[in-house]
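Right after this note come the structures.
In the two complexes below, subunit A is the common chain; its partner is subunit B in one and subunit C in the other.
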Partner chain A sequence: MSIKMSRFFSLVISFTVVFSYAFPISAAGEKVLIAPTGFEAFDTPSDDGKSVSLRWTASPSASIDTEYVVFMSENKDGPFVTEALRINSLTMYEDNTHSRSHYAEVDPEKILSKESGRKNNKKEKAKHFFKLVITSGSSAMATKQIVSAFPEGDWFNWKKLNNFVLMVSFVALLLFFLNHAKKSPNLFIRKISGLDAIDEALGRATEMGKPALFVHGLNGMGSISTIAAVNILGRIAYRIAEYDTTLKVSNIDPIVMSVSQEVVKESYLEAGRPDAYVEDNIFLAASEQFPYVAAVSGIMVREKPATNFFMGYFYAESLILAETGANTGAIQIAATDSYTQLPFFITTCDYTLIGEELYAASAYLSREPLLLGSLRAQDVGKGVLIAALVIGTMLVTCGVGFVKYLFMAG
Partner chain B sequence: MNFLKRTIPLAIAFIMGVMMAFQYYVPHEISQSLLKVVSRWGITIGGFAVFLGAYSLFHLHMTKIRRKLPGWGYSIFVFLGAGITIIFGLYNGGEFFWNDKQEGTMFEWMYFNVQVPAGATMFSILAFFMASAAYRTFKARTNEATILLIAAIIVMLGRVPIGTMISQYFPIVADWIMSVPNMAAKRGILIGVSIGAIATSLKIIFGIERAYLGGGD
Partner chain C sequence: MIKKNRDIYIIFSIFILFFIVNIVYLSLGWLDLWGNGLGIITGAAFTLAMYSFLYKDNPVFKIAENLFVGVAMGYWIVITWFNILKPDVFETLIVPIFKDTGKAPQFTILFPTLLGIFMLLRFSKKLAWLSRWSFAFIVGLGAGITIPNFIHAFILKQLTFDSLFSTSIPVSINNFLVLLGVVSVLIYFFFSVEHKGVVGGVSVIGVWFLMIAFGASFGYTVMARMSLLIGRIQFLIRDWLGLLQ
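The block that comes next holds the complex of A and B.
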């Protein structure tokens, strides 16, 4: 064979190799599949011990019409017939980036129980084996290695470490200011007009001989805003008992009603007026949103309370309630952390406690040094966050990006 | 008595508070099971509390009827409404309450043809209240009210086709108002609310805030 001929064949072979990688189609018209590499299985970090993570490097033959299928078995030697995962080969890249690695989490116990059609009550966990296959139409190519993993539960979620550090720091800050408040009890707290007006509003109700109406928001006792509202109710009930005025408390949740009854009863007892407590005045108006609105609006129109308190988390009913109250001529004080309803309360109420003021109200009304200390901690915490926001914005603007990860939700 | 009314509730609040705070950071199956159990307790207590609510409602209206208090006639409708609903609910389309809930029963008819429209009627009143509240607020008596008025007009015009017909800039400015100053204020409130909620939770866990137990301090 001449040198020219040999050069020609070399060129043809090289061209064929390059072409087959670029357009991997077999002679029968089917795609030539190249198995993905770097397939690994491992226990998913920071989880409850149910899932296994799978990672592999994308195959060069990945395209829109190819799929990755992961088969699972409880034995190393198979059979690998249980499908644990099936994804399009151009999806599920690690960290949602278009890097060359795919990442997926699977729950082996769930897959096995789904396949057998019964709940797996086995307490002991088993090692699971996985095999990765790339498929396109009827052709398939499997990876050579069989990988395995043993899912184990973790005792700390490391993705929430930043949150944990922040929580511990805030607790330390709170304890510091509580200790500080014990030593110097006269802490300065800025004036909150809405809370100063409570005495005025209750005085008006006393003079007019009309009741004061306390309207709870729609959330149950599990909501922190309801707990804050109950705290304020305790303070208001104590003063009402001293003024010898009638307090009516409308509720939408039976548990909130029971707690409110106890709180008001205790407050009356503490004020030395247990005889003035009437259980029927703390009542369940309705258990649904709009029936509740109808019931409370009816009370406002019929009984014309001199003072209305709207405390807690409100939804669409806020404006109907507050506007009805405004039309009856009552002094109205609202406190909510529902920012979507704040404009309605600001428009229709005489005083509105915005957001965090709802949580500060109990401390403000009681003037207890320890509670005031907690308010100071709250303010300092807010200051630290504002500083972090400003400094973080500046750093990220200047291209220092690590600060983003410090506050990333886990 | 003080031990039962104060010390035990405070101890329960502390133990459960600390436990559930740490539960958030522990992904282990045991921790998740604990969360499930506690959630189930909440649902169970809620189930029993419904009877307390019903008792309160009926007792209140019975007292009104008995004493012939003003508006006592409305209280009759509470018993009528509740009575009819309970009867049809228990009747369950002839299958009675111990069988699965039936479709197309009188109970369902009453829900869809009485309660739902009545609720929708109450909700529709909101539109009129919104107009009257807006009228009061938009009287430009102060600088803040004037700013509010101008911002509201721009946002309203930016959200309707006539705004675009007047000027193509209305939707752009409206979007900017909603996504920049409005969003900044919203987030500011949210940060304050979150810190306030955390502080209140800690005060309850450490037994500093006791007003929820009743009484003053």
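The block that comes next holds the complex of A and C.
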């Protein structure tokens, strides 16, 4: 018993000694704080001129119950009463400094306008002064130096240089393959079952004397998937015009509707059947997500199209639409790059084009040399990415770390 | 004909039942018509009307569907006026031209306003071609904004290299699987190479990765849909019928 007690007390004493060494306590019972050093403020590089960056070395007295507070003023002599930043002292470490330095970006104009409730309409920007304080409960310790910075806008965001280089390289690759495709137009493209089935589906609609329904996704014309969907619509409309079947196109976005009208009209003209084009068949079903579902489901049940195409970017409506279409017995072909909705299309549609197959579809259907050339350029781009991924991982595994920063997203 | 009559009887019976339930609840004071009772009854009626589609297409569903579409369109028009046209065009461009508001008219808004008007010119056969300028602007702007973001989110963010080996064996296995998954799925999306031999084998692994990911996503989303269904049923039996407290 006595041995156990003495072990316990010795443990408590040693713990107290270690703890008091790690966290100095003043005579009044308050923690003794050591001010952080190396406090600096500077204009944030590669920004739009709104923010100021702050950096300082971590204080030895930083702990879970201490905070860093940065006060701001428009005058060097203060008063420093406006809080620009308040963080726990164990957070916001600068990357790759192994928790030795803190880094934060603040927007002085926003802080000042929030503080005074006014909007600063002044065109000229002022210099801002900052003071760093470490606090714990009621005790506080401020750094001696007052630092200042003047936020300025930059013409270039150098953090995105790799993005730019990738884009330029890809454009060069694209131009090369477009040129190559002009010289040798029969570029190989592998079989995509979903696209081969389009003819079969349209043939079925023709035989049954029922319409084909093309359902656009929810995104507007700014979305790449919508642009791809409109391209496919053009090819489908061309075949429809040849087969003399009815094509109905439901839209949720008026701009997509207008573009679709133009594209379908062009396709009918190209097929030599401008008389068969009916503008009202490309219609705005609804302007909101679930009303759109209700309207399109109603059309499927009442008109019973022989073929349904779901193309573009879909959200929660995908399963309701595809399930309703499946119940009507239509052949269904879906194409989307919305990976959360792909499982629903895979389970309810006859054919589903996954992700990039949607982008490849217009090249596949038209076999136009220029589109095939762009597809080849995409494949080469993917090959380069795979090589970068494998080589980069191998290098990092072997301890060569600089490659980590080559493709860092800015 | 018999089947059609049966459908009419079913719909009529449900309608009468719904009417009786609400009359009883209102007369007993369990629902306050002028408080939130009217909203709850309307909500319950439309919930049941939409669910009636599960039986088959019927006139009640058609009414709810058309109302839903109409209300959404009306709401959208009001939102467009109050959130876009009024603050961005009417109050900043048109009003300051005719009235001294202390603010100069923002003539820079003329350009987007004109593009918007061009879209409406589709109604005129002679001037419909002008709408193509607006479409070209929208598609070009959309692609221009999307492509850099696409490179950022779908290429650069994926190109963050990590060491294959870690101090923990599960983490090492995970790193290897992530690398294998990304590479094999990318190879599946190669279109200019026949999927035969080594490429075919790797792309099959890619398909496996895709299907496992889709399965997980399917289960996750179905659970979320279940919670939506539970929410609606809770509304019916708690807020409307008061059977659940």
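Simple rule for what comes next: the second predicted complex is superposed on the first by the 346 of 410 C-alpha atoms of A that agree within 3 Å, B and C clash if a C-alpha of one lies under 4 Å from a C-alpha of the other, contacts with A are read in each partner's own complex, and residues count from 1 in each chain.
As a working rule, a residue touches a chain if its C-beta (ideal position, glycine included) is under 8 Å from a C-beta of that chain, and two chains touch if they have at least 3 such contacts.
In this text, all values refer to a predicted model and were calculated from it rather than measured experimentally.
Undergrad: Putting subunit B and subunit C onto subunit A via the overlay, clash or fit?
TA: clash
Undergrad: Once the shared chain is lined up, is A:Y93 touching subunit B (first), subunit C (second), both, or neither of them?
TA: Neither partner.
Undergrad: Is A:M167 touching the first partner subunit B, the second partner subunit C, both, or neither of them?
TA: In the superposed model, A:M167 contacts both subunit B and subunit C.
Undergrad: In the overlaid three-chain picture, which partner chain does A:G355 touch, first (subunit B) or second (subunit C), both, or neither?
TA: A:G355 sits against subunit B and subunit C alike.
Undergrad: Check the residue A:G234 against both partner chains and state whether it touches subunit B (first), subunit C (second), both, or neither.
TA: first
Undergrad: Touch test for A:F290: subunit B only (first), subunit C only (second), both, or neither?
TA: Both partners, subunit B and subunit C.
Undergrad: Touch check for A:F407: first (subunit B), second (subunit C), both, or neither?
TA: Touch partner of A:F407: subunit C, not subunit B.
Undergrad: Please work out whether A:G222 is in contact with subunit B alone, subunit C alone, both, or neither, and reply first, second, both or neither.
TA: both
Undergrad: Please determine whether it is subunit B or subunit C that touches the greater number of subunit A residues.
TA: Answer, by number of touched residues of subunit A: B.
Undergrad: Touch check for A:R376: first (subunit B), second (subunit C), both, or neither?
TA: A:R376 sits against subunit C, while subunit B stays out of touch.
Undergrad: Using the touch definition from the top, say if A:D47 reaches subunit B (first), subunit C (second), both or neither.
TA: Touch partner of A:D47: subunit B, not subunit C.
Undergrad: Show which residues of subunit A both subunit B and subunit C reach, each in its own complex.
TA: 160, 163, 167, 220, 222, 224, 227, 254-255, 258-259, 262, 287-288, 290-291, 294, 298, 302, 316, 319, 339, 342, 344, 347, 354-356, 360, 375, 378, 382, 385
Undergrad: Given the complex with subunit A, which residues does subunit C contribute to the contact?
TA: Subunit C reaches subunit A through residues 50, 53, 57, 61-62, 64-65, 68-69, 71-73, 75-76, 119, 122, 131-132, 134-135, 138-139, 141-143, 145-148, 150-153, 155-165, 179, 182-183, 186-187, 189-195, 210, 213-215, 217-218, 221, 225.
Undergrad: Which of the residues in subunit A come into contact with subunit C in the complex?
TA: So the residues of subunit A in touch with subunit C come to 160, 162-163, 166-167, 187-190, 192, 220-224, 227, 254-255, 258-259, 262, 285-288, 290-291, 294-295, 297-298, 301-302, 316, 319, 339-340, 342-344, 346-347, 354-357, 360, 364, 375-376, 378-379, 382-383, 385-386, 388-390, 392-397, 403-404, 407-410.
Undergrad: Give the list of subunit A residues in touch with subunit B in this complex.
TA: Residues 46-50, 153-157, 160, 163-164, 167, 170-171, 174, 178, 220, 222, 224-225, 227-228, 230-232, 234-235, 238, 251, 253-255, 257-259, 262-267, 269-271, 280, 282-284, 287-291, 293-294, 298, 302, 316, 319-320, 323-324, 337, 339, 342, 344, 347-348, 354-356, 358-360, 362-363, 366, 368, 370-371, 374-375, 377-378, 381-382, 385 of subunit A touch subunit B in their complex.
Undergrad: Applying the document's contact rule, which stretches of subunit B touch subunit A when the two form their complex?
TA: Touch residues, subunit B against subunit A: 21, 24-32, 42, 45-46, 49-54, 56-57, 59-60, 63, 70-71, 74, 115, 118-120, 122-123, 125-126, 129-130, 132-134, 136-137, 186, 189-193, 195-204, 206, 208-209, 211-217.
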